[in-house]
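Next come the structures, one after another.
The two complexes that follow have chain A in common; it is paired with chain B in the first and with chain C in the second.
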Partner chain A sequence: MIPFILTRLLRALITIALVVTFAFVVLRLSGDPATIILGPEAPPEAIEAFRKSWGLDQPVLVQYLQYFAAIFQGDLGMSMRDGRPAFELVVERIPATLALTLPALMLKLALGLPAGVYAALHQGTAFDRSVMVAAVFGFAIPSFVLALGLVLVFAVNLGWLPSGGRDTVWHAVLPIITLGAGGAAALARFTRSAMLEVLGRPYIRTASAKGLLWAVVVRGHALPNAAIPTVTLIGFLVGSLIAGAVVVESVFSWPGVGRLLVVAVANRDLAVVQCILLLVATTMVTSNLIVDFLYGALDPRLRQGARAAA
Partner chain B sequence: MSIFDTSANPPIRARHILRWPDMPWYVTLATVWLLLVLAVALLADVITPHVFTAMDLNYRLVPPFQTLAHPLGTDELGRDVLSRLIVSIRVSLLIAFGATVISAVLGTTLGFLAAHFRGIVEQAVLMLADFQAALPFLILALSVLAFFGNSLPLLIGLMGLYGWERYARIARGLAISASAQGYATAITQLGAKPIRVYLRHILPNIASTLIVSMTLIFPEVILLESGLSFLGLGVQPPMTSLGNMVGYGREYITRASWIMLTPATLIVLTTLAVSLLGDWLRDKLDPTLD
Partner chain C sequence: MLITRRNTLRLGAAAAGSLAMPRLAFGQAGRPSITIAVQKIVNSNTLDVLREQSNVGERVFFGSIWESLIGRNLRGQLEAQPMLATEWKRIDDQTVELKLREGVRFHNGDEMTAEDVAFTFSRERMFGDTEPKNRTTIKAFEAIPTPRAGKELPPEVPAVARRAWPDLARVDIVDKYTVRFVNSTPDVTLEGRLLRYGSDIMSRRGWEDSASYLDWARKPVTTGPYKVERFVPDTELLLVSHDDYWGGLPPLASIRFIEVPEVASRVNGLLSGEYQFACDIPPDLIGEVESNAGFEVQGGTVLNHRLTVFDKNHAQLADPRVRRAMTHAVDRQAIVDSLWAGRTVVPAGLQWPYYDDMFHADWTVPEYNPELAISLLKEAGYKGDTIPYRLLNNYYTNQNATAQILVEMWKSVGLNVQIESKENWAQIMERGETRAIRDWSNSAPFNDPVSSIVNQHGPNGQQQQIGEWTNAEMNELCYFLETSLDRPARRKAFRRMLEICEREDPAYSVLHQNATFTAKSRAITWQASPAFAMDFGPGNFAV
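Coming up: the complex of A and B.
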């Protein structure tokens, strides 16, 4: 088990280093932030001073190493727009984003998992077919279209709910539904096919042939095995908690990380964009890592394999 | 029924699987819709009733089905919605097609390289795939686009990075198992260069799986492009795309919702059609794909 964990950890670290490198290369080399922030007509002395104070006058390799060093010291740079630490700016937006993405995740799990399992157990029924139809539509309707559709019906025509902002709890209803609905359909479809795959296996036939109650077969044999692929998808959903709401936050003017990213990108606020990129990648890599470890707990074959390899 | 009567069990001919009668009605409908959309995109120059940027200030915010001159209505600047829609279809499809082809070629090449060289090359390709998986593509695309400025070729190239890792994984896996089969070994023994083995012999054998993957990734590219354009960070005015139109129409959602609803409906129907077709093709051609 220990070599397994170490390999995974190493891979995770390399992935994060790659993301840092990518962020650095793309964001630092694609243009001159000094002219962008100060404008093309700014006096050369002002530009020079700006470049010096942000370390932009150093050779690229030095900037790169400094950047790596700074990150390991927890320094993610200052926002070029309002001069505050980028990390601080991003972190103070996280609660707002989580206020949308966490309930949306609950909604996805509460609707998607049971619907998928039930549909697989009753394959071919009307319920199963409607889950599949919902899943296909859930995929084909982009979140901004769903969001605007909900605004049109519930905010513009019926006037029941606000269409944007973050003043009351009611403001969160439409964004959460937008995020949750499509995800629930996708999760249901995935769970259904994972479950169907397991139900077709010989050990399920064996289990029912030896006289076990169907409920026992499902609970003891089918569900644990179908959980393995499903956990991967849930890990991905958890990993996108921070940045999974870029479009929806923009539609509903919700002051979260996603909205901050869009504004920072439009303003070329390098430090903020880098900080969000890193944060998103770290969340994703961490949750994938947890999934890998959960596999060890869920799947005895992996434990055995790891032990045999060790 | 004699054992010679094969009518109940017609022989399986992979090449003839795409016959009309086998299609469920909704796949037929999807195919017809796609052909229609494709025809519109190809004939865009001929069939647009107005120039898509032309303003007609006497006819601002005309609702659909009011005048013959503007059957789908006009927007705030009096521009014809139908004409803008037709041009948008062309632009969105062009980006989606271009990107899908780039991504398929890139991914397949990397997959073949990984399968051929193994070792470090394979590790590097897998590492890149890990990197891609660690970053939601929208975030990656957002930063690249805004920082490199914005042009149509760049947008197509960037979208072309979407999904390459899926082709690479498929191509690598299938090429490794194909190399172990007789035909690839035989050709190699006859003295064929690796590039010939991969392009002339292995590629045709795994093409159906790759094509199915393309139909599954294509709608995702449409959604991605329309999302970016909706945020104002994709296709830039005066150019227009379906996502752009929705983003613009959003400002008039209370007074003139048709500006937003027409392109939105088109996005949904087209994505729906491609994914229905892709799902059906996958079930027909390659049940092993997830």
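Coming up: the complex of A and C.
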């Protein structure tokens, strides 16, 4: 087990290092932060002073090495726009984002899983077709279109909910529905497919032929086997908790990590972008690790395989 | 029906009639509180006038937080008027003496005195270790201070300050309510520089009491009718009434600026009554908003012109006749009519009427004359080689559409201009063989041509500093304009500069004046200023 964990951790570190390097190269080679942050009418001497102060007058390779060395000392750098540690800036935005993404994840699970299972168990019925139409619609519609549509109906026309901001709990309702709808649709489709595949397997027929109640067959044989691909998708959804709401946060003026990322990329505020990417990569890698472990728990063959390998 | 921004808003507008009455919260003494949706509150995440030199910054600073000794009349045509100084006079060519308004209270309750004015223009707050450009006759006013920990100025602040006050030698305190600004060289623009963005007065104790520069810059203690209660960068700015304001009780209990990046979201919030004002409305949405009887769009031209800028080092643009052809091939009025619904104007070149006696009312941009353009290209021997046009994606309002129209107009006279989309200003300005044409805008921070044509296109201006353009005669005239006290001669020199930069050896071509539009409920009585600044001072808000 320990070699397995170490291998995964090493792979995770390499992934994170590659993400940071890629972001550095793309951001630094596509524009000088001084000109972008100070704007097109800034006096040349102000731009020069800014560049010198932030070390932007150094060769890019030197900047990269300095940045990488600092990361290993736990220093993620300072925001060039804000003058504060990038980590501090990012961390203070996380609660706002989680206030949307966690309830949205619950909504996805609460809607997507039962809808997918029920549709599979009633394949070909009106319910199944309705669920699939709704799922295709929810999956295909861009989140900003859904967001504006919801605002139009519930904020402008009906006046029931606010259109944007983060003042009260009611401000979170429309963003959560927007985020939840797309994920629930994907989850419903995925779960239905997985269930249908499992339901067609010989061991399900065998279990039924043995005289087990259908509910027992579904609970004891179909659901655990169908859970494996579904857990993979849930892993991705959990992995995107930190930065999975970029568009929705922009449309609803929600001051979370997504908004910060958009502003930081636009301004080439390198330390902030990289801090967010580090967090996202870490979350995604951790989530994948957990999924890997869950596979073992869900599928006895994987546990036995691991034991045999040991 | 296509799902477009226009259709989406049309549906919303149709249903919003019953919501036209603004939902105002009434606070202290029955005064209302309002929420204003803006695309961006500030770019620098601070409320320091020297760090945040932008149009969006101007909107939240002036008329609300910051005030200068000499003000601009935001309810008129921006003419100079007494503000924190009640009167001023010239002592000599290099010195202006100002009498301060008595009884002005800062947001912390302190009275404003000459001490605060001198500190505002000190090395510690403004200039750092920079020196006056032409310091030859007068000793600089103070030793270079060692900044206290946490109070170091951001590097761009002294640079911006010195650009605004290149030759200021010192500020003398004559008495509690009298100060003298002493320049190291003769300068007719001293009074103009006193009303410019960045020359605004702050409380010395407010600075001293702040733990760090950032703490101060997020809650500066100033004299404006509203004081900063809360500032959350990229999110919101809450201002509350400064009840001891020298100009009378402010009409609003509080003003909340909130950042709503999407224009559709701003308009939706306005229509649903959450916001009382929605700023940065593009011209193509004005009709949609006003199709609802309860709402209107105010605003108009501001002190900012949109330009096309030339790099005369590009092989195809080295001959001024090609650049002249480009200036004559553009039907500017067509752009104003089609993209701006006629709500802005084609100005008289790079100048503004508030230049007063320096304004040349008879000057015009190059006439739209395609035949002349064709003839100039023929004379120059232009063979149809590609001229690159580096373009940002709608950094300016209507930028993409304007660029496409320009390219077609140039094409119609035989110019082969190709758009190259770029992502940011650094890519736009990067030196190289593909730099030929780009977009820009120029402002006039104070009422003299030095503030624009000299600062932007002169030897120290951006265009020359990045190596796009230079002209020896223009550079001599810039020096003359900055140092001469002979007003008729200065006026003549400015005329000659316009001839060089806009006609003979074009550095740029003025397209149109910029404009800004703010949507609001008709139930609110409020007058927009001919500037980005939003004035909510006494007498300019009623429901």
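Heads up, the rule we're going with is that the second predicted complex is superposed on the first by the 279 of 310 C-alpha atoms of A that agree within 3 Å, B and C clash if a C-alpha of one lies under 4 Å from a C-alpha of the other, contacts with A are read in each partner's own complex, and residues count from 1 in each chain.
One rule holds in what follows: a residue touches a chain if its C-beta (ideal position, glycine included) is under 8 Å from a C-beta of that chain, and two chains touch if they have at least 3 such contacts.
Bear in mind that the values here come from a model prediction, so they are computed numbers and not experimental data.
Asker: With the two structures laid over each other on chain A, which partner does A:R11 touch: chain B (first), chain C (second), both, or neither?
Answerer: In the superposed model, A:R11 contacts chain B only, not chain C.
Asker: With the two structures laid over each other on chain A, which partner does A:R268 touch: chain B (first), chain C (second), both, or neither?
Answerer: both
Asker: Can A:S250 be said to touch chain B (first), chain C (second), both, or neither?
Answerer: both
Asker: If you stack the two complexes on chain A, which partner ends up touching A:V145: first (chain B), second (chain C), both, or neither?
Answerer: After superposing on A, A:V145 lies in contact with both chain B and chain C.
Asker: Applying the touch criterion given at the start, work out whether A:P162 contacts chain B, chain C, both or neither, answering first, second, both or neither.
Answerer: second
Asker: I'd like to check the shared interface: which positions of chain A are touched by both chain B and chain C across the two complexes?
Answerer: 30-31, 145, 148-149, 151-152, 156, 250-251, 262, 266, 268
Asker: Taking the complex as given, what residues does chain B use to touch chain A?
Answerer: 127, 130-131, 133-136, 138-140, 142-149, 219, 223, 226-227, 230-233, 243, 246-247, 250, 253-254, 257, 260-261, 264, 267-268, 271-272, 275-276, 279, 290
Asker: Going by the contact rule at the top, pick out the chain C residues touching chain A in the complex.
Answerer: 3, 8, 11-12, 15-16, 19, 37, 43-45, 53-54, 154-156, 158-160, 162-163, 213-214, 232-235, 258-262, 264-265, 268-269, 271-274, 395, 423-429, 440-443, 455-456, 460, 462, 465-466
Asker: Can you list the chain A residues touching chain B in their complex?
Answerer: 11, 14-16, 18-19, 22-23, 26-27, 30-31, 136-137, 139-145, 148-149, 151-152, 156, 193, 240, 243-244, 246-247, 250-251, 261-262, 265-266, 268, 273, 276-277, 280-281, 284-285, 288
Asker: Using the touch definition up top, name the residues of chain A that touch chain C in the complex.
Answerer: Chain A reaches chain C through residues 30-50, 52-53, 81-84, 145, 148-149, 151-152, 155-157, 159, 162-166, 250-253, 255, 259-260, 262-263, 266-268.
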